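Structures incoming, each one as structure tokens.
In what comes next, chain A is part of two complexes: it sits with chain B in the first one and with chain C in the second one.
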Partner chain A sequence: MINERNLPIFATLIVFMMLYGFGMYEYRGFRDTLVFTNLLTDNAFLIVTAIGMTFVILSGGIDLSVGSMIAFIGVLMAYLITSLGLHPLAAIAVAVLVGTLFGAIMGIIIAYFDLQAFIVTLAGMFLFRGLAYLINLNSVPINHPFVTALSDIYVPLPGRGGLTFIAMAMLTLLVIGIILARRTRFGMNVYAIGGDSHSAALLGVPVKKTTVKIYALSGLYSALTGVIFAIYTSSAYPLAAVGVELDAIAAVVIGGTLLSGGVGYVFGTFLGGMIQGVIQTLITFDGSLNSWWTKLAVGGLLLFFILLQKGIVTWAKRRTSPT
Partner chain B sequence: MDLRAGEIRALLGENGAGKSTFIKVLTGVYERDQGTIHLDGQIIQAQDSGHAQRLGISTVYQEVNLIPSMSVTENLTLQQQDKTFGLISWKKAQKRAMALLAKVGLDIDPSKQLDSYSIAIQQLIAIARALSNDAKLLILDEPTASLDAGEIQQLFSLMKQLKEDGLGIIFVTHFLDQVYSITDSITVLRNGESIGTFDTAQLPRAELISHMVGKSLDDLAPASGQNRSQQPLETLLTIKNLGKQRFLQPIDLNIHAGEVVGLAGLLGSGRTEVCELAYGATKADQGETTLKGHVLTQGSLRSAIRTGMGYCPEDRKQDGIVAELSVRENMILALQASRGWWSPIPMVKQKELVEEMIKRLAIKTPDMDKPIGELSGGNQQKVILARWLITHPDLLILDEPTRGIDIGAHHEIIQIIQELCAQGMGLLVASSELEELVVFAHRVVVMKDRHKIAELDGEQVSEHAILQSIAS
Partner chain C sequence: MLEATQTMTTKIMSPINLLHKHQKALAPIISLLLILLVTAIITPGFLHLRMIDGHLYGSLIDILHRGTPTAIVALGMAVVIGTRGIDLSVGAVIAISGAVTAVLTVNTDFPVWLVILCALGSGLLCGLWNGILVSVFNIQPIVATLILMVAGRGIAQMITEGQIVTFHSDTLNAIGNEFFLAFPIRVWIALALVLITIVIMRKTALGLFLESVGANVRASRLVGIEARLLVLSAYLFSGFCAAMSGIILAADIRGADANNAGLWLELDAILAAVLAGASLAGGRIYLALTIVGVLIIQTLTTAILTSGLPAQYNLVVKAAIILAVLLVQSPKTRQLLSQLFRKNMDYSA
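Then we have the complex of A and B:
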């Protein structure tokens, strides 16, 4: 029997397949593998951020700083490569380290000063955006042979599609995320904290340490997003990725993760991100609709999913309450 | 205190006696400032509950402290997963979970979510988890509070089996019947001190209760029944067969105008439950409440207030005051609620009412706009009383009205109760302090294990009689 808590992720899968099926039925071009691989490439940055966000939301928290983090890391990376002349690999290593460290610091403040994640990461959101401007006010192109080589990597697939470097990076990070969530003690601790942090502490889960790790992980994933975004656009811009934190939260929730924590899957988040991409692609294929229709569809879906989750939770409660 | 392997020890005491503090020190949640704990002859010092578990002390709490949204397997193996190549192996975990469940005699599907099982099964799963790290000492903190009779028997047979396996068990409860049916010995705590440890078989029930409340039955001369047995006045409140499963056995109760009915009983006996059901703060699943001839809609507090009922809850901080609001705003709440939010009380009128109440109840506050949280406990309680008095209720339900307030205010509140009663109000007062109950109550309803076990009237009301009926 399907566990009722797994219903949202099945709903997500069905919505994704229906949207994709509709596209294949309606448009000849949609049937090509190119559409799918483009989806992977174009939504890689959103999905990678959202994977980090999944851990945060699973633990019952929120991270509003990821959008700014993406911009900051991109600008930092461009600065290290173009102004300081660092090799891109070294620049990426430094940037990712900085992102993880900043995430960990937010985690420490949240866990040890017992502050709300919303406020702490809101502060982070402003700080990182400000830091990005501090480094550079304008858009900077990143012209380094290594970066160009990375963005030129392409594994052709049957049909016209193929996997780009960032699509493969995203898929790798997705697999790591899934393993981390379901097959490690850290992952189980995240679920436990989100389920009931008081009980988790009594069961011996190191709640504070795990919380720091969660935000460090979100910092790491959003820093990697910054790197991917910079490679994707071959440039860095302090105003990049404004509002991506909200898109990421939407992807996580549409992916079936409970906003109150404890229930959800990383793979669901992948589907949640892909659904947003499919809607955008469908609107592009249609041609007559404005791209803002994406927002309308995503908003509607989001509403549908939170109502679905609420319904399931209420139903489950009623079923198990003593009669 | 010593505990042998294979012994079941009851830990008893009234509210605030120090039971939970004792457990928390034992399991390392609180740091102790003196004394030592020996386990198997070795001095131990648990740093936190995780460490205590590794040392062999496991605790199961009344509220099942597992993660409801995770599967049974995940709950049982949290923090002690079996790994293959550094990753959790769910196959091994499942096997381990099955083995643990078998220990407590459960045959269930461990891949299902924890909250798809009943509280009783969750309780057993919690015990299975507690046993998973070779526990030598098992602490059960009020495990039976939310179980029904059959489930309790299931738990008891498990406890007996564990005892035979050589486990030491500390069993915290306030159900005396259960103490006598399962434990070997009893340790009584009172006011943070250990009163002594006794053999269960050799301690009569009456003696146990007098140890718990700190008074011997012989010390209490039957008090004189002054100001009692008046003419029966009109019936104000009639409770018929009111009850809720796992909460309170159905009870009948009448309260007349100008009468104080006391609710006595040990902690957990059902005093508060009666108050909550009578007022409607908890929805009853059977029976009905009639006030002045009107049958109250179950679960509608507004109808209760409008018909003329008032309720001062036991936990003043949590359920009574709104700490950030001023004395005036706190006092006006109930009246405003009964009028509905569309007809606000004019400020002038509010001030007039509040001024009058501050004078009448001698509430000590510099002004009526001071946040109520800054007042002393006794004055807070008076404000809560005033909140109801300005609605001119016919019936007031007071749950522990004198808890946690100083002696002076204590006395004043008792006076207020007597005055209100003289004015013709009906009052239902739950209290753990028998001496104050017998002063003002015309009748006393004695509760035990969520049953009404006796009703003492007029001359019969005395501390002695109340204790005797609890003990019987």
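Then we have the complex of A and C:
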């Protein structure tokens, strides 16, 4: 049942339960369902980005452009709704399409020009942030009855908690991500490329086409994050989501995905995002700790999981090799 | 007659050969000159220099002044890239060293040289941390330095207790803003650091060893190069450079801002090294050209600001240039171009 492949995700699960259990033990308020559903809502944008990032990292790549993409899509959406008078649904469709297209273009450059994902998506990061500035320099409110109606949707649960539209959208995208990774040919190809792209190519995996699809998917998920973020804050700001790419990568790694690619689970990423949320909530509940402790704690967890992965990989190699 | 033509051709060919030999060096230098030329045409007085009280003033000096922190960081980054690594944590290290400088100046009676030593020491510690993760634990550089990139700003905030600490020190102020022999002092510091690094990398075997480790770790181990120690020292150097840059940036604004000091500087530094023709796959770096790369980036930024274009064009232009440079550098593009070229040749023949 527990082998070296799913050991990291078990570690993630244990860390999550320990942190959450500590909160429930220490603070009465933590035991309410409200805390859990708030975690779902408040970390929805991080988790959705991180799901797209999971596919990229599973294939052995990295996408640094997601934070800028979120800001760009938000500003684009606001522009389409408030300045051009488009219906929010149409604006969302256009924005998501643009995001996916930009992701695909980065994928094409990476796959067909043999360039490192790191530097190409770095250029994308500059480009999207710059495009967001070009559309608008200020924070704009999005006041449309449809957007307000979406952010007002609320399904009450036992206790004081309830699911918001954003939380439900995140959970839906999570399920789609899991199915895509485990139950489709595309998902299998992603794992194969991350495991060993050379062997994958020899086995007939369309490496280049799949790479383009992976970055298009990451663009799609971060564009959807942009939409979710805009609904969550009812506004758009070109400086929004600075540094989210780092949080997303951290969520993926803490979620047990190997940064060298090939091993990991989309559900682990969900847990990784939730762990960051729990840490933040615990620090808020404590009240005496400052916000920088979140960064230190996330950095510490990152180190722990990277060393754990390293240890497991070394151990597995020693076990399988005859010497 | 035939001999004469041959000597003629060799004579004509030789400058072309020379060009060919230094082709790599030419692209960044020509780009820099072109950008300067275009800006000079668009903005009259861009190249104008004035001497006031023995200090040089003008846009060109401003470019040098503002480019200094990036240049120092890029120097360390180039060395790390040479070992097939990358250091994402330099921005965070800048914040840490700035925080150390400010807090020690305000809260202790340490003399300035000791404050500076402590700040540089904090950078070396960060470099040691990155170096150990990369060389001893064999963690990929992007991942290893990501940890400090995430946690480093938290550490800096812890040092300044979440405040923007402002300080006053005549010596530090001089490092940040004053002039020596007509040029800003910080430019002299950067120049000295660049020259020392070039001498060490090019006149001793160290540079050769570093690049050979970047090109092929296993082969360099087999010929007896202590790869681990070299990689470790590259990250130490990068940490040192980032700390130096952090001191200058803190001295410039006479304060330490843990959240914003050196934000995105790592990207400019990587960009400068790549513009200079460094391969992210390791094995070759060009230190002097990296400085040219920094000047290109800084000239672009200043040019966009002085030309009256909105500042927000800066990022789009930067992105377009990175993409263009990357595509030109890509072997695939060269392959495509040479195929096209060959087709045309066949056609004309």
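Throughout what follows, the second predicted complex is superposed on the first by the 322 of 323 C-alpha atoms of A that agree within 3 Å, B and C clash if a C-alpha of one lies under 4 Å from a C-alpha of the other, contacts with A are read in each partner's own complex, and residues count from 1 in each chain.
Everything that follows uses one rule, which is that a residue touches a chain if its C-beta (ideal position, glycine included) is under 8 Å from a C-beta of that chain, and two chains touch if they have at least 3 such contacts.
Since this is a predicted model, take the numbers as computed values, not measurements.
**Student:** Once the two structures are overlaid on chain A, check if chain B and chain C clash or fit side by side.
**Tutor:** Chain B and chain C fit side by side in the superposed model.
**Student:** So, does A:192 touch the first partner chain B, the second partner chain C, both, or neither?
**Tutor:** So A:192 only meets chain B here.
**Student:** For A:5, select first, second, both or neither according to whether it touches chain B, chain C, the two together, or no partner.
**Tutor:** first
**Student:** Once chain A of both complexes is superposed, is A:302 in touch with chain B (first), chain C (second), both, or neither?
**Tutor:** In the superposition, A:302 contacts chain C only.
**Student:** Name the contact category of A:200: first (chain B only), second (chain C only), both, or neither.
**Tutor:** First partner only, chain B.
**Student:** In the superposed arrangement, does A:183 touch chain B (first), chain C (second), both or neither?
**Tutor:** The first partner, chain B, only.
**Student:** By residue count, which of the two partners contacts chain A more extensively, chain B or chain C?
**Tutor:** Counted on chain A, the partner with more touching residues turns out to be C.
**Student:** Of the partners chain B and chain C, which touch A:209 in the superposed model: first, second, both, neither?
**Tutor:** Touch status of A:209: no partner.
**Student:** Just chain B (first), just chain C (second), both, or neither: which does A:259 touch?
**Tutor:** In the superposition, A:259 contacts chain C only.
**Student:** Quick check on the superposed model: minimum Cα to Cα separation from chain B to chain C, whole Å please.
**Tutor:** 5
**Student:** What part of chain A is shared between its chain B contacts and its chain C contacts?
**Tutor:** No residue sits in both footprints.
**Student:** In their complex, what parts of chain A are in touch with chain B?
**Tutor:** Touching chain B from chain A are residues 3, 5, 179, 182-185, 188-189, 191-192, 194-196, 198-206, 258, 262-263, 316, 319-320, 322-323.
**Student:** Using the touch definition from the top, list the residues of chain A that touch chain C in their complex.
**Tutor:** Its residues touching chain C are 62, 109, 112-116, 118-120, 122-127, 129-131, 133-134, 137, 246, 249-250, 253, 259-260, 290-296, 298-300, 302-303, 306-307, 310.
**Student:** Residues of chain B touching chain A in their complex?
**Tutor:** Residue positions touching the partner: 48-50, 53, 59, 61, 65-70, 74-75, 78-79, 81, 87-88, 112-113, 115-119, 129, 146, 245-246.
**Student:** Which residues of chain C touch chain A once you look at their complex with the stated criterion?
**Tutor:** Against chain A, chain C makes touches at 86, 137-140, 142-144, 146-155, 157-158, 161-162, 258, 267, 270-271, 274, 280-281, 310, 312-320, 322-323, 326-327, 330-333.
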